[in-house]
Amino acid sequence: LTSEPALFGGIYARGAAAGEVTDRAWLQAMLDVEAALAGACAAEGLIPEAAAAEIAGACQAERFDLTQLGRQAAANATPVVGLVTALRAAVSEPVRPHVHLGATSQDVMDTALMLIAERALTPLLDDAAGAADAAARLAEEHRRAPMIGRTLLQQALPVTFGLRAAGWLVGIDAARARLAQVRDHELAVQMGGPVGARSPAVGARVATALGLTEPVLPWQPIRLRPVNLAAALGAFSGVLAKIARDVTLLAQQEVAECREGGGPGRGGSSAMAHKHNPVGAVSVLACTKRTPGLVSTALACMEQEHERAAGAWQAEWGTHTELLALTGSAAAWARELLENLIVDPERMAANLAAAPTADAPMPDGTDELIQRALEAHRR
Amino acid sequence: LTSEPALFGGIYARGAAAGEVTDRAWLQAMLDVEAALAGACAAEGLIPEAAAAEIAGACQAERFDLTQLGRQAAANATPVVGLVTALRAAVSEPVRPHVHLGATSQDVMDTALMLIAERALTPLLDDAAGAADAAARLAEEHRRAPMIGRTLLQQALPVTFGLRAAGWLVGIDAARARLAQVRDHELAVQMGGPVGARSPAVGARVATALGLTEPVLPWQPIRLRPVNLAAALGAFSGVLAKIARDVTLLAQQEVAECREGGGPGRGGSSAMAHKHNPVGAVSVLACTKRTPGLVSTALACMEQEHERAAGAWQAEWGTHTELLALTGSAAAWARELLENLIVDPERMAANLAAAPTADAPMPDGTDELIQRALEAHRR
Amino acid sequence: LTSEPALFGGIYARGAAAGEVTDRAWLQAMLDVEAALAGACAAEGLIPEAAAAEIAGACQAERFDLTQLGRQAAANATPVVGLVTALRAAVSEPVRPHVHLGATSQDVMDTALMLIAERALTPLLDDAAGAADAAARLAEEHRRAPMIGRTLLQQALPVTFGLRAAGWLVGIDAARARLAQVRDHELAVQMGGPVGARSPAVGARVATALGLTEPVLPWQPIRLRPVNLAAALGAFSGVLAKIARDVTLLAQQEVAECREGGGPGRGGSSAMAHKHNPVGAVSVLACTKRTPGLVSTALACMEQEHERAAGAWQAEWGTHTELLALTGSAAAWARELLENLIVDPERMAANLAAAPTADAPMPDGTDELIQRALEAHRR
Amino acid sequence: LTSEPALFGGIYARGAAAGEVTDRAWLQAMLDVEAALAGACAAEGLIPEAAAAEIAGACQAERFDLTQLGRQAAANATPVVGLVTALRAAVSEPVRPHVHLGATSQDVMDTALMLIAERALTPLLDDAAGAADAAARLAEEHRRAPMIGRTLLQQALPVTFGLRAAGWLVGIDAARARLAQVRDHELAVQMGGPVGARSPAVGARVATALGLTEPVLPWQPIRLRPVNLAAALGAFSGVLAKIARDVTLLAQQEVAECREGGGPGRGGSSAMAHKHNPVGAVSVLACTKRTPGLVSTALACMEQEHERAAGAWQAEWGTHTELLALTGSAAAWARELLENLIVDPERMAANLAAAPTADAPMPDGTDELIQRALEAHRR
């Protein structure tokens, strides 16, 4: 069930999060929604328990034909119509009317998106935590390693590499706290029926079954939830971009204060055998450069008509899939980058000694600030 | 100190929030930072109390020449160098060295941005609350007004206008809760000195004086705070876009279920005297169409180099100014729109009666869901 | 070699253009570049003709393992290093040094992108031409069908549906003319070697062999060519969005002036059997809503460092792939939509008769303008 | 009539192009359209020649109150209604009915936008030509100055600074050629009347009078023309971003191969007297970072309803104004940057000598390619 890391996959689909947003993972999530819906309908006495059990048993992605579903998506502007048809065909005839009871395509797609997000955020937050821990170790280890601070890409005043790493740490920690908040409070079931007016009892049970939040109202054309997810992914991605940009700059041979570790054969060139490219940082940036445009798409898609949008909703599916895959990949790359970063304090000292402000005193807050960052991380 | 609502100003700079992000408001915010910094330095015993008082007395925007500061901004890629020079000239000679003590341009600009945001968010959130109250009244008043629900711009099944308004209400309430969270927790002082390593004591006092949060670390190149602000503005803007889009659709003469009130002379045309244009909704959309691109700029600018970025930081000033002005304007327009919306339940009933699903029952959750939305709003 | 239209594929990967940008198509394009390079090197006397022939014979995508290449892409931040290794393994030992002679990863990726674009633009422009022809037929057929013109979603003054269709026609024609200009003049070979300084003789031969333009200079970090492609795709996509938006509005039951044809079973709903959704228009919009954000990514990626960028270049691969697939899909949908659009002149007349301006004269240019549009199209 | 370079104006509103897009410049352009319309109506015999002359005489921006127009824009979602009222009040009573004859707000706004663009592009293209000439001089002067080429921010192989400058040159030349093409062929009059169906005779005369192109059809809801302008500005802006990024990297003290000239007092810091910041490059980037998001807004706004859009059109005014001002400012900064760039060939040689590939031969095409770039520039 993992993603096939084909051609560009090694770069854009790295880590476990990307594997949670493949077409197959989407299909399974959609089936999980149908199964949970059947269970909720049974608990509410709307369908027989046995029917719910049979439906749940049929809800396995490997039984369905993704290509066929894609073709049917074209006829209906949603893959759910085809899926419901196929799911009905996969159960015994008396059970068929009990499939998808009272639900609409958007119930399935939106709840599946929330499930997908929840499943991708778990490994993503794990990689984020690993990256934060690695940054904390760097801050601790190089707490008193002086380097020249640089502003506008010009040497400015002394600082320590520990403080630089502490800045990375605080950024990762704040961004992942917001992502965790989104995961815990924004990922809500959608179970409004055709026009968003279904009684909330069924939805409440589906939410419990799937580990999602129950919303005040069905949120069909009010797209705050996916947008809050997108924005939190974009912000986290931006923090990783800052770190990766720093690494590319510190790894310049003329600076040489950091370089990427990560084993032999890493960072080769098709033309120049001597090169040692910062492939982790480059790959983080290859992912993070793409997230701002995707977030803008998610935001622009909030302008949705009436009870369900004609186009703006359907445009979200690919957009959020990409955002989760790219941010998840960036997190996996960033963790690996930080866990293997090779720091050269001697070169830092030498660069500082050569700077016009070599004799300036270390700013008075340097050590205290690192301490604050480490303490905040441990909490 | 209010914005001059010139040419396009009536559309893009409506309401009080836009008046808080003018050049003059920025200048006053920068001066407020310098005054608070002087006060903090005095309290820490770094400069005489009398010097701080004299500096504070000089920190009045009307004493400074915006055009001149603009010219000096060109020479330094920041308006702060010129401002500090002018502020020093505005105090007595012995006090001059006490101006801007230990601070850097970014301390002033970033803290001023946070102040500007705080000042703009207050009226913006007031307009948001007014818009929510108006939506709540519409939900209550039209709680049992049946209308045809529409999906993909096609008539679907019956619903009530009350539920539509309840959806708007829940969207506004959730978006403004996030904005309030950003205002209360994300707007932090920046007082890191040249390389972000100043001891936090002065910054803590400045934060208290200005009513801002104290951060764990100076956040100079970690741009989560402005980005979280931008994303919350963009998300709120998206909710308003959804409402305005609905109004333009419901106001079509062929639908005629709603129209804008707001007094005579409103909504005229330069060519057609009979027209009654939905100017409030159009103006909301004129603002909200512009926010997604601005949020993407803020996100892309997170990739900042070393201790201070060369370009990505400076690009933020105009971006956040626009975001606050446009979202604030959209909020003012939306409130006015909702407070004056004229709903036609008879036309709704007639349209429903003519729909292919006229005989379908009202969905079972309609009334209960409105109740939930109203209760959540009252909390 | 076609794309697998899995889950969302029916919507986002419709038509032949999308099939030209799959991972497999990319791989074949990369191999075509290697084959052309070998041929050019042989013609320049740099390698034996027989070696070039053997290399060309090995350059078949089905011989290579996409998943393996994806894994190697991770180690090098480019899939080319792995490909060159695999290609060398696929030829006899004496020929191996002649593979990829003097080239760098970027030569292969950029030239492959240009090839991919050329191959996708051919069916895309064919669909665009079909869409324009269909719009021309609508303009001709409904040249004298009066309808109420609508501005700001309000009834304004009479016009004809022929003029509306003529507007669509002129938009499609202008956008595809620009796309054809990009295809014919912007798609240039990249053959600059490691730092963009290779003598142009080899590149000129590769350009001829692949049907691409020869540039003045290798354009490695000057990304105008991919950006001009992206912008032309985005602009064409925007024209299609306008048409699809119009169709969704005209297809509202309250307006009912147009509806989508296209055969039985089209436009169903998973919940409401009576519905006839405008799936073509919705699918166009599902694609076109996503292009502006992607174009902004392409533009932001122009800020590239030195002779080859660390991140901004690698971010382009997925971005341009998506842009080609989505715009190609939108073109296929739009053609089908326009070729099957069902227009109801009687309803148009009835709506006009009910409008407040029913008695206003038809504007004086209506017919003449349609004639101009049709003549311009025929040229 | 120039822009007031207030607070951020020195950075974001540099050069003459920004002065052509102020509120006052917009107002004058709108009045120029009214004057040309009156002249065209007189020439067509629709109004007396004397009336046209009186109207033209009244069309002077200083006679009108921008603030008042802004207030009226709020009531009508366009500033034109107020302007026409004021213009009628400014002429004698018998002439009043001849003002704005047969036109609609969009005719005035769109044609004014095209005029504004034409007026801003003239100084912008002049700065672009100056920047290209400066790059050509650098290419010529440093044609044989070896430097280490850098890929992925790593030292790669030798090249010359002349070739780097030649790359900049080719980029500027190609981007300005496209901008000139847009200016000469895309800037078209809009004179379609209320629903875009006015006979083209009047529009043709207005086009001639204002030096604009005559379109096949009024293009009211077909936004290719403003989008092509926006995309060309964005692409040019991207080329300037690449150059500025290079300068910030080459100006790092650890590299020190270039630095900005430009006179004493330039590039100071509010905290560090020794610093020499690359303010020109930073200011270019402060502008160019903002253009991709604005282009995405322009593209997203192409989805316009019926004969005139409710929101998407009105959102363009500020967007295009910003795009012209920012790109014009970036051009002014880039020209100044390139004309004053101080290159250090000795440091380049020293850096090359210290590189691992110091002994590699200069790539064979280096000199020939510079020659091609210079010849192409001279043509």
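Note that the chains are named A, B, C and D in the order they appear, and that numbering of residues resets to 1 at the start of each chain.
FYI, a contact is a pair of C-beta atoms (placed from the backbone, for glycine too) under 8 Å apart; a residue touches a chain by one contact, two chains touch by 3 or more.
What you see is a predicted model, and the numbers here were worked out from it, not measured in a lab.
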Graph distance between chain B and chain D, where chains that touch are linked: 1
Farthest chain relative to chain B (centres taken as mean CA coordinates): C
Chain pair with the higher count of C-beta pairs in contact (A-C, A-D): A-C
Where chain A and chain C are represented by their mean Cα positions, the distance between them in whole Å: 28
Approximate Å spacing (C-alpha centroids) for the pair chain A, chain D: 37
Where chain C touches two or more other chains at once, by residue number: 77, 104, 150-153, 156-157, 193-194, 244, 248-249, 269, 272, 277-278, 282, 285, 288-289, 292-293, 295-297, 300, 310
Touching residues on chain A, where the partner in the complex is chain D: 150-157, 248-249, 251-255, 269, 272, 274-278, 282, 292-293, 296, 300, 351, 355-357
Chain D-touching residues of chain B, taken from the complex the two chains share: 4-14, 23, 26-27, 66-67, 69-81, 84, 100, 102-105, 108, 193-194, 244, 248, 265-272, 277-279, 281-290, 292-297, 300-301, 310-312, 314-315, 317-319, 322
Of all residues in chain A, those that touch chain B in their complex: 77, 104, 149-153, 156-159, 163-164, 166-168, 170-171, 174-175, 178, 192-200, 215-224, 227-228, 231-232, 234-235, 237-239, 241-242, 244-246, 249, 285, 288-289, 291-293, 295-297, 299-300, 302-310, 362-366, 368-369, 372-373, 376
